[in-house]
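By letter and in written order, the chains are A, B, C, D and E; residue numbering begins at 1 in each of them.
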């Protein structure tokens, strides 16, 4: 609860700072300070120290899993601000407002990681979505940005409609909006099944699972790259946090046909994401598709729904955020976002190239990087269920395909000749990236450094 | 403690190498590092069994049931020794070669050594997988960065291919893990399972395909000739001398004892595939016009024999495979060294542009001939011992198969002698007319290899003794 | 009234909204169709609310079961209002740049 | 047929008609107007269900504020004439078929739900829809979402500013 | 007691040392030094061998086995690196080191004109060869024998290709090695078979334990061993390498391809006579193949014009004889013939070398003739050798050949008939060769004639020694028919030959008749050839049957078209089609299809919001169908996914 309140307050603070302060650079620093505060509060809450005690009337329930997700989201945002704060300033004139929106999104994240009531889910998702629509459209002169924003908005609103229909149907059978349903009977009524299906679909849309992923490439591509970076990480993992909370309490009631349904969705997601990414020319768009593919992998946790899966989802979220933010931080600064644009980067910026390589390796799931164990947990989770081994086999084959496009960037950087005009970067930026790489490798060797938080 | 050092020394040396800007220093440093590793390996190999110096066990990821367990047993010793011997020799033989950004080159080489060591030392399946991939990445970079013209595409295929295989293996490992009673990856847990036949089959194929790609066994071999051809020769030496042994080793350590029933059931299939591969690769080798490609195909043929022998369910053959891994590593590195000299000095690898080199470089010719003869397993060279034992085992499994596999012995003679003739004999022609100077260190390394070839060919007892305990155990598991 | 009637009516309205989204190309109309979908949902919610309320009244005359659904409708309206403000802003922005609200012209981003 | 039923059928028909007309009106302004008709019909339903507060809010917020906003924008853009050239017929048919089949199977599934056969919505009676009850519950159990909604509005406001303000 | 026998490892050790010194020091040592070392080590071996030989006479049936170290010791078996000294091996030691020494000696003069380093290389190869051959005959088990077996193959490769600048020679060298390898494979398989059945490879153990073999095993093992012998001893079908192997220097031909290496097959079969005696089928095969080879090679030799080729085919033919002997159970006869053949064939080659040496590498007998007066010693020794090979009493060849023929008659008169016919052919072509080379007028160029001279003493001394041996060598095996208990060799070898296997009982009158027929036919052939070719040397191109014979029955071409070419074509097809388009094509195809799928799937991402939503709605419809109507599709879905 503290996270939600403080982030909302911080959002307001940012809004007002936009009125009173006219130094652009200051906003970033305020935001960083705010995020640090937020992070501190969240960690404190994780350990049981609360600033305010609020009776949520059973609307929200705070537990370690959700709080860990919050920590990852906030830390990712902090990292994002540290790495790309400068670039946020370049998007438009409303730097303070952008940060305000980011804080509002964090507020939404806080809600969806802890909701127990479908109404909170709905509001949380909306609080995340609406600022996201706006952030997508912030590059107002850019038609692509406009287009992305409008597409995102229309499709997002449509999926909201579907979600509401789902919630309604659930209410129709149960007479309550609580996620946990007491006294479940089997087989569940068609009404409830339909409601769950529609809810599943709308959340699938939010985390961009195929065949509801179509907005993702266009939106990620059209949005200003800084915000793509943010949306691809924080917003996405928030969606998963919401998703797993829902499915965890309801999944068992859905029956074996849903297993199959989810399996199909996973395969479709992996196929769409990976195969389409193979063909891309633009790194940004490739990353958009890759984020779809990564979502497919994260779905394994929801498919398996065991401790390994949940533990892995945390790790996956962290690994994915780290790597994606690292890559985007460099990509934002590139003039040419195509693969050719990376040609010869290792010559002019060896350090950045090395860090980028580690991030890409992590996304590809190569051992010694966090991405490996992330994927490992996901696969392990499904294997542990004892069924659906074929799903795992298909998944690893697609993982091999994914190496294809990630390594295209590495190839461009290291093995191809080219001149890159890379803007000068500060030493702090470099150190930060090195730190990111170090953390990726640290998590790649000792993954339980993160997941052990779940158990104490 | 020794296993840890074996991994750590190259790893640390490699990482340090990255920061040495000066070429000379980088070379010297990496050479020193590899020599230190060799010394440690020698200590390890000669240390008696049962010494607690040979194992190390530490907690790693308790929640996953995996531990950092490394150890040196007979099979591990022989491959560790190979890895440790190979790198100083490679560094020594290619000491004069110039590489762009040498620090990265040598650093990556040492990293790959660390990975290889890890593979051979791991006593935990997840750890094994970890090192398996870890060994691959530096090699990928080495090939792509310092390779030939088509290096990017070729290495790419190699990488994706092996990566896909490894991922399949990961699935198998995971599945195996869930089937262990104590939810662990430890070698003791996975070696003593009683699985249903469908479970075994699933695990068998996932693991075997990964290993088969790595070895490579027909028909998973197509990445190999291209990669060998395009890689810088020093890396090719690592690849064919040591890395392909990973696959063979893995079958012996992680496949046969783990899924014995499936292995027995599938033995016929694997052996037949392997034999087809041997003949097939030999026939193709005859038609090659490029030293590197020829050696590559010859390597496929040799590996085919190893993979056939492994599945022959025979302790002698199994031990033969272990010896042959070492011998083949030594021999093929020797061949590559000569190939490298020729390429560096004459600028071509095509037989059609070579001839009469024996007149220009008689010493090289002699050394090469010895290595070639070892390559075709002439008696009193090291590989004869291994091949004899493998064929013997194969023969006991099925004499028709051994007979057909034997054809490859003849074909090996055909292409190897053809290669010698094309490069060294005849009148001086083509690219050979230019100046030719073989450096002392290259010769020295070749001489060392030749000495190894002959010594272990005449007196293989030390190698046999090292590997004495594993084969019986592996075969016992199969029954 | 039997709840099925309401369900049917709502679904029909909802699906008309869907058809509208699919067949129209004016961004504003599409948006309006989405609003229609939301209203269909609202109608169903209220119907369910009264259904549960009716059932609860049978055992407890002072029951307030079903209130939450009506509040939910209220929240939906609130959110819809917020969404409309943002959505229309986006459409207007779009219109300012392209002088069109035709979604078919939104194809700079593809493949 | 009781008055309630009569009203129900009438309002349903009106809503349906309005929706269809909104769908097929070429002129966006007419669409808006037809949509308002639908909203009125739905408000009528709310009244039938004795949800007076929602009926009013629906009229004020939807039919009033939101639809006016729509009209406003349409006027602003001068879209009142038929600006929509004939759309790809194939896509139209496909859309209609997709939506239609969605409707059919949804109705089929939902009507098939056994536990709904016996249930009916309480008409006219029941006072939960009155503002007194709603207010009490809203500020007790639902105070958290109520507060949090303010964040939503704030972000919408910021968004409208960021997006809508003519910059530079 | 048996001092020399326990020092047996010195025998191969000396040549090995010679090989190492000459090989490594070929640049620094002087020619004379190289020569001294090269010959000296062999002489040293010879001396030890002589000592061993005299000790071996007293061994009786127990051989001396000298264990050096464990070669391959694994759980399943133990193969020591050990030497076996018995009558058979000691006899071969004598032949190898003795004849070998003479040839080394001869070589010092013959190869005088080579560069020093190549001279050193030559001698190191020779020493290595002797070393390998010694390993072969000394090995106490099949594996050590196999080491020598392959070793001589290697050395023949190296020596045939000694003049490595010439690609035809290299080709011949390769051919020799590959053909040998084919045989080696047979040998190796036999070794595995023995190992599998008896668990050991040591001769004493294997032969003591023949109960471990079924008759099928024995037949298979002996046949496989015979395949090995075919390769090494140039029998049909693996004989074609031997004539081509004349590419090497002539002393090499003498050493390797006449006196020693090719006899390895005979040695091996005699060594395994215990097994062969158990396998009558194999024996029949051996006899028939041997005889066929003898006949075939003899017919070819009639029309060859290269002096060395004629000798080569005669070698093949004589080897055929030996196999005939083995096949009919005359093991002693075969060994006897090996010995006499070693003498006279080495002599023939060395004499031919002497001729070639003096007329500057001219090998074609059509351009020789009348050398009698220029090279008296060579001429005389050559003539003696021809008599020996033709089987004229009392030259050595007569006794050995007679023993084999007699045994063949006892086995089957047809074998004898063909054998005698072949013997007559032998006499014919040998004297054709003799006549064309030494008689008549010189047909070479003026300049060659001017240079004609007798060879230096280093070459003639070996000729003389060998000539003496060729003449008297037969007296170690005088047949029973002439004097009882006079067959010294048979007595000497009796401990290692299976009892009864060698027995053939012919009436004395029959035996006289047989001898008379064969000698008579041989004399007629000699007379005819002498008359014909001394007067009218055959200079023109042959035609008709002669052409077929001159072209060696077109066997090389046949092999080329049914084996080599198809194999190469197969290699090409595999390389260009199966590998590139097939397997690699499949692998690349997977990659390509991924890319293709990507390029098509991305078209779904049309950029149209309407399409996206349509897709979503359709998916929703499908999902609802699947969930709610799925029970009717369940079997289908189960089939696909479970």
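In this text, contacts are C-beta pairs under 8 Å (C-beta built on N, C-alpha and C of every residue); 3 or more make two chains touch, one makes a residue touch a chain.
From a predicted model like this one, the values you see are computed outputs, not experimental measurements.
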Any chain that touches chain E and chain D: A, C
Reference chain E; chain at largest CA-centroid distance: D
Which of A-B and C-E has more C-beta pairs touching across its chains: A-B
Longest centre-to-centre distance from chain B, chain (CA-based): D
For chain A paired with chain D, centre-to-centre distance based on mean C-alpha positions, whole Å: 32
Rounded Å distance, chain C centre to chain D centre (Cα mean): 5
Inter-centroid spacing, chain C versus chain A (mean Cα positions, whole Å): 27
Averaged-CA centre spacing for the pair chain C and chain B, given as whole angstrom: 66
Two or more partner chains touched - positions in chain A: 119, 123, 126, 130, 133-134, 137, 140, 149-151, 154, 158, 169, 172, 190, 194, 217-218, 279, 404
Shared interface positions of chain E, touching two or more other chains: 602, 605, 607, 609-611, 613-614, 617, 620, 624, 628
Overlap residues in chain C, where contacts from two or more other chains coincide: 3, 7, 14, 17-18, 21-22, 25, 30-31, 48, 51, 55, 65-66, 68, 71, 75, 79, 82-83, 86, 90-91, 93, 103-104, 106, 108-111
Chain pairs in mutual contact under the definition given at the outset: A-B, A-C, A-D, A-E, B-E, C-D, C-E, D-E
Sites on chain A touched by chain D in the complex: 4, 8, 11-12, 15, 54, 56-57, 59-60, 92-94, 97-98, 100-101, 104, 107-108, 111, 117, 119-120, 123, 126-127, 130-131, 133-134, 137-138, 140, 149, 169, 172-173, 189-191, 194
Chain A residues touching chain C - in the complex, by the definition given at the top: 119, 122-123, 126, 130, 133-134, 137, 140-141, 143-144, 146-151, 153-154, 157-158, 160-161, 164-165, 167-169, 171-172, 175-177, 217-218, 221-222, 279
Of chain C, residues touching chain E in the complex: 18, 21-22, 25, 30, 103-104, 106-111
List of chain B residues in touch with chain A within their complex: 60-64, 129-130, 132-134, 137, 141, 144-145, 151-152, 156, 159-160, 163-164, 167-168, 170-171, 174-175, 177-178, 202, 206
Chain E - residues contacting chain D, complex: 610-611, 614, 617-618, 620-621, 624-625, 628
